[in-house]
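Pasting the structures here.
Look at the two complexes coming up: subunit A is in both, with subunit B in one and subunit C in the other.
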Partner chain A sequence: MATTPTGMTAAGAGRTTALGPWGGFLLRRLVGLAAVAITLVVGTFLMVQLIPGDPARVVAGADATPADVERARHELGLDQPLSAQFGTYASGLLRGDLGTSFQTKEPVAEIIGSRLPFTAEIAFLSVLAVLLLAVPIGLAVAARGSRRTDGAFTFVTGLVGATPEYIIGTLLVLGFAIRLGWLPAAGAETVTSMVLPIAALVLPGTCVMARIVRSEAAHVLAQDYMRTARGRRLPPLRLYARHALPNLLTATLTLGGLILAGLLGGTVVVEAVFAWPGIGQRVVEALLVRDHTVIQGCVLVLGLLAALLNLLVDVVLALLDPRTLAGKGGH
Partner chain B sequence: MHRSRFLSGAVTVAATSLLASACTTGPTAGPSSSGAMSGGTVRIGVTSDVTSFDPAKGAGSTDYVMTSLLYQPLIGQDDGGVFVAGLAENWTSTPTKTTLTLKKGLTCSDGSSLTASQVVASLRRYRATSAGALLTFGAANAGEKTTITGDDAAGTVSITTATPWGEVLSGLAGTGAGIICKAGLAAGTAALAQGAVKGAASGPYEMATARRGASYVLRLRKGFEAYPRFASLPAGKPADTLRIQIARNESTLANQLRTGALDLAPITGTDVTRFTGDAGYVIRSAPFIRNHIVFNQRPGHPGADPKIRHAVAQAVSATAFNKVFGGAGRPMTSYVDDTSACVSTDTSLLTATDPAAAKKTLAGVSIKLEGSNAVAGGAGNSYVAEALRTAGAEVKLTNADNATWATDVTANQGDWDVTVFPLISGLLARGGAYFLGPEPADGGKNYGAVKNTAFARYYVEATSTTDRNAKCAAWQKAQEALLKADDVIPLATVDVHYVARKGVSFAMPAGSLTASTLRVTG
Partner chain C sequence: MRRVRWNAPLVVALTGLGLIALLGIVAPFLWEERATTLGGSARAHPSGAHWLGTDALGRDVLARTLVATRLTLEMTLAATALAAVAGSLLGTVVWVSGRRVREFGLRLIDVMISYPALILALVIATVLGTGPTASVLAIGLGGAPAFARLTANMAASVAQRDFVTQARLMGVPPSRLLARHLLPNISGPLLVLLSVAFANVLVALSGLSFLGVGVQSPDYDWGALLNSGLEALYTNPAEAIGPAVAITVTGVLAGFVGDGLATALDPRTGGAKARARRRPAVEVSARSHRAPADALVTVDNLVVALPDGTRLVDDVSLHVMPGEILGLVGESGSGKSLTAMSVARLLPEGLSAHAAELALDDLDLTGSAIDPRRLATEIGIVFQDPSASFNPALKVGGQLTETLRVHQGVRGGEARGRAVEALEQVRIENPARVVKQYPHELSGGMRQRAMIAAAILPGPRLIVADEPTTALDVTVQAEVLDLLKDINSTRGTSMLFISHDIGVIGTVCHRVVVMYAGRVVEELSAADLRAGRARHPYTKALLAASPRLQDADTDTGTDTATATGAGTDAVVERAPLATIPGRPPAPADRPAGCAFADRCPVVLDGLCGTERPPMADSVACHAVRQEVQPA
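Showing the complex of A and B:
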């Protein structure tokens, strides 16, 4: 669900009043965002220190002598005390500098800039497709109200939704790339290269989302106002689009935002199956070679993106349902 | 096919400045494209990205492929350790002096002449910056104890070492000693590492486009003639364009080969069976990792006791180890495989597998086994652990990732008794450097604290001579000393299978693919 502030103080409530409901809402969200950012900066820095293995040894290479390793450690700044390393990292962030890769010597901002668009591309398109497919399917199944349809829907969505993405991806490659030869098996060279990775993400995502939409829709359709609307013999499109759909959006958008945030950092498996050069793959590569700066930079940016997406969902929900402006318990 | 990446703008919040560079403008490479056979383009799949384009800093297989195409070594090393011409057309070598004569008319990728002085500058940089240079010039000849001079008029380069060292030519044939042209040397280490230096290449190809993490396009340099003259160079002509594509997953590489999106890919796992017996593909295999058991022989560790080492050797079977990887590798008779020059193939030097005998010594012995999980998730380590448990030992197995394993074992910062060492190099001198000299804490590489004076003596003898017969005789004695003491227990190789579509050919001198020998034959 969308984030909501907890434990508003009297002073907080006062500010809300002075700033108006939207001012207070945005202030709370921005303060929360700042807290998330600070936590991420400190957390990512400390997190990489806990990973076993010596980055200097990896950088120095298999043939390196201990002197080579120590030279690499000095060049990477890893011979400094932890507090000094954090100071360098934090001051770099304030200048917009995410550092340089231990391994490839590329600026981390460049790495993120080149990889994130690939991941964002399939993540955004996947979520869009999930929303466009899941909402009508879920709504249609709920509106039909047939036990047989319901049973078939539950079976199919349960089966596909529980199937891991790498299995779906592999089956798609076998069918559409190897057997039929319609689509590329992997790579990111053409527009058609996107089809199979997106399909691998959309199929389980749609099933999960459609089940939630169906459940929510069944609840909404049983409400008195919907019975009244039906009694007025409104056309089906108007009935569902105008009266049912807005009441489904809260759950749908919240879940959609969470799925998108998850996909931005979590398409690693699909990226591996389809050789999609996204950021998830890059983080895994960095983890394997203890490239601390790349891990820190990628996790920080992905974390901030997730927080921003949550904020965006909260704003959209507040626009749709102003009762949420007051936060938890403010209805 | 050109296209702009839809939705790129949506993430400008996070990464505005470099978004444009992520746009794809590459050529079509769909399932129906005919690749090598139609346009002189060979598409090579690799499972990792380049970590450094600097030949002196190469650390992974893709680094070696890339730098061998961009930076040509002075000589090559063929089957049986025979040296062949590269940028140098002939050479003389004694234990203290090597002189190489460059081919006439050598050029760099910017068209400028490649002179002896520039070669000297490149080799001096290699000596100063590459960890591998220590084995090229000898540990006793580090720094200024190796003198590198050149004569532009005569086109000669001379290398003089203060103490005798017979591995200079072998070292110069490695990709790490690839020659960097003046533009690359002037640009500095960081620029070289990122591969963006125009005019730096001395090899057959130069970089055309680079999309980190996805693909690289290399173009053949017109007029380049200094290809290494291996005995088994395939017919055909070099590809005009090489497209190197990255897919971390071997099944993905196999899918791309199957659908015609790749022409050549290395596969180490079972996906190779998808091409076995298919007339449309050629499979050639080469040792990739040479596995052997090494002990921590410091006091207090079980491996300090020769009886325990012998029992461990009795408990394991190289043939069974090979089966763990599908039987596609080859059991070894030394710490390198049988394609290596001067390797011992005398099986009588090996301890015979005898689990029953091993049980008498190993019953109740506590052994901490730590290995790398880089190959097949550490399946080989699991086999060794089970073999030792069957022989009655109490084994604690740690399957660590490479970085952790290297820190714990080769830097000896962890608590370990036994390891399965995955040696990449097929050279006796390089692999043998781990069994003599100081320990890591004292600046050496002897991570197991092996004290085998006979091995050390014959190692020095083998690496101090340039006479091939004398070298092999000394190597035989060195390996005998090591194997008889059970300081090393040979297991088996994990092979890499190069799967190529018909119409693409390549040479594998000294048992490994040399990318500059790729030829389009169809």
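Showing the complex of A and C:
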């Protein structure tokens, strides 16, 4: 469980480098990010190496002669030793070259460039909506909940939170697009197209997150400093927003950061339900035709996005709770 | 492992899952043929013959959904088992191995966890291709990091316990350590994670099939059925409903098993909430008018009760005169803090205060709608633990001036100036810097002085100090006590000073109220206390158990600073320290007679056990009364 770090005395807080507390903190985080990036690059490279079968044969086509296959092998650099192939891959990445799609011959970087904004859009809005909904709901239930609202909360969040995004998405299409005809079922033609995919991500995400917020809020509200604040007879809004919220967010984001990163995984599925032209839908298409370079690029970019999201959570944590800066990190 | 306490959701969810498992076993035998028979009309709406209609090839959707239960459950179980075994092994191995491997391993697990499991599964599916086996491997391995982390975390907490250290020192090999000591102790949380993982794996596996990269035709699981159902959403929505309901219900049931197990295994949820029934009425004795009319604080026949009516504080009466420091002393559980918190109107949730009179001058503290502004500005509170009583996320200055800004309309700049002044008064160096710091940047003694500054800032008429020095180093204690006395003498602020330390009470206070088991047993002047002129056997026992006061007594009891703060170094042991045998009765088991009777050296047969001693001449004791005026 995330407990507040204790025992940080003046001496402990002084453990900062010449860069100042923020400099040292960001340096540690960026080193961590670089390590994840390198892991991802090596991982995606090895992934393609491990795929059974011969990519050259796939590229050359079904009715290719052995000579055609050899030519394709040479073009793809597959006749090079492994280390040289990795060098080519890594240096390509540094230039922003993610290779070419086997299937459509488009540069992968271009594919991602055209798809990523769509994914980023719904992922970002969903994360925002989940936080804006889950935190007040969880806090309110923890602060003012009676036994009855508590039970209803547990049941509803347990039910909706355990329902996968693709099922909620399917039900939303059925209800709001087909039956009621209020919103488009698929595509990204209008602004309203965004509503259902985001709702499919936000509904279960909010439920899972609100449960975390509720239990963390119960912990925060029982702290001595909340009694001190109550002793100042503050209006409820000030009491909860100013005194409980910062501590609550620290604990919630430490646990909930994972959920937010998990939303990226949910995005992949939801894009398939709503034919949303994002990176997730593209990677599934590529998977079905074994278009390795596209999978490689998409997985790499999604992984980096998840890592960036984690970094963002850590920075927000540090802004909220200055003690995090001095310590090793958010946990 | 702790004993599982069965609860309704757990039983219901387990029963439901059992039925679904049974269905998985029998369904293929019963409906296999129906599920594969190509029917007449494709994508027909639900009818008597086909309750959920038919699919694109005219096959019965309901039968297909039921038959798919087996493959879905088999895959889910296999993938869950894979995740659990691979993850637990990884986690335990990481923990049992040397420090370097461990630290690297833990970091790696952290990175893997923060990576969306579904994308990880897609990577593995890319390598392994499609189909049931590939899906199980992909999802199973994708779920392993969660188990690895739980196992490593739990193993870490168990491994630091004494018996494991001892086993290690005795040369028990790691494999045996693992099997005999670690695994049994982490099995509870592991079980919870297993059921949660089962739900997650089901959702992820079905997701893969739904995306079309999992189970391939002619095999079908719920995910694959949902996939074809999505295409038919416009023609036969029921085709999607069947598998959607199946996935959701199974997943939710597994999730509820996890919740239920967590509740059942958690010792803290003993059902305190379930026991809370309607609040019985608490009867309060009539006004005694014992307090002088010019008292600042009047507490008359105060009762603090639990929701079930158990009285934690029982008919307590006391008063604080203007400019007076009243000490409230007693063992933990005597109700002294609850009495003080009733005056401050800060009782913990669930407790209720009832009194014939509870007032701060003209401010009635019994009602429910008390002017928050007057409460905030007229009562200052110094809490026990200064490190926990400051909000760690807010700067010291803002916390000090909050009452000024919220209730007294003082603007930011001026408020800060007054905070600096107050910090100066409590002898904090460099106050202008301290207001801009966070609480964790101050030492414990500084924090308590800042807490006192916060209490005096609004200019209160009463300061409630609840064990203000208990959490501090002995060297700092004396300084804080001096400071409180100083504030009392220079500002004339009344204080209600709570402590379990009769030595501290004797040096700081003017008058002392002694509490035992929720009742007042004696009231005496601090001078009498210091001189050892206590009359109640409990007060005498407290004095006998305190080394400092007897010492201070022989030194004529004036040298207060050394007697309190310095602790043992100033004490010359003359007589062995007395201890009070036994312990106070629990609030629910308090006897009809005197609560101290069981531990009392001068207990009278009959009377003390049956009749509650009334407060007479400032002491509530049958034995003392008989001595003074023999019957």
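In the analysis below, the second predicted complex is superposed on the first by the 264 of 331 C-alpha atoms of A that agree within 3 Å, B and C clash if a C-alpha of one lies under 4 Å from a C-alpha of the other, contacts with A are read in each partner's own complex, and residues count from 1 in each chain.
In this text, a contact is a pair of C-beta atoms (placed from the backbone, for glycine too) under 8 Å apart; a residue touches a chain by one contact, two chains touch by 3 or more.
Just so we're clear, the structure is a prediction, and the values are computed from it rather than from any experiment.
With both structures placed on the common chain, the touch criterion links A:Arg230 to subunit C but leaves subunit B unconnected.
Once chain A of one complex is fitted onto chain A of the other, the partner contacts of A:Gly187 are limited to subunit B, with no touch recorded for subunit C.
In the overlay built on the shared chain, the residue A:Thr250 is in contact with subunit C alone; subunit B does not reach it. Once chain A of one complex is fitted onto chain A of the other, the partner contacts of A:Leu312 are absent, as it touches neither subunit B nor subunit C.
Residue contacts after overlaying the shared chain place A:Leu258 against subunit C, while subunit B stays out of touching range. Using the contact criterion defined above for the overlaid structures, shared-chain residue A:Thr154 touches subunit C, although it does not reach subunit B.
Contact with subunit B, but none with subunit C, is seen for A:Arg57 once the two complexes are overlaid on the shared chain. In the superposed model, A:Val273 makes contact with both subunit B and subunit C. Of the two partner chains, subunit C is the only one that A:His292 touches; subunit B does not reach it. Across the two superposed structures, the residue set of subunit A contacted by subunit B and also by subunit C is 52, 170, 173, 178, 185, 272-273, 284, 288, 290. On the subunit A side of its complex with subunit B, the touching residues are 52-55, 57-58, 60-69, 103-106, 109-118, 120-121, 124-125, 170, 173, 177-178, 181-192, 272-275, 277, 281-282, 284-285, 288-290, 301, 304-305, 308. Only residues 111, 113-119, 122-123, 125-127, 129, 199, 203, 206-207, 210-213, 226, 229-230, 233-234, 237, 240, 244, 247-248, 251-252, 254-256, 259, 273, 276, 344, 346, 372-373, 375-376, 379, 381, 383, 385, 387-394, 399, 402-403, 406-407, 438, 440-443 of subunit C touch subunit A when the two sit together in their complex. The touching residues of subunit B, counted against subunit A in their complex, run 1, 3, 5-8, 10-11, 13-19, 21-22, 24, 26-32, 48-52, 57, 59, 130-132, 134-135, 190, 193-194, 211-215, 245-249, 251-252, 255-256, 258-259, 261, 400-404, 406-407, 410-411, 413, 424, 430, 440-445.
On the side of subunit A, the complex with subunit C involves touching residues 4, 6, 8-10, 12-13, 35-36, 39, 43-44, 47, 50-52, 147, 154, 158-159, 161-164, 166-167, 170-171, 173-174, 178, 185, 223-225, 227-235, 238, 242-243, 246-247, 250, 257-258, 261-262, 264-266, 268-269, 272-273, 283-284, 287-288, 290, 292, 295, 299, 302-303, 306-307, 310, 320-323.
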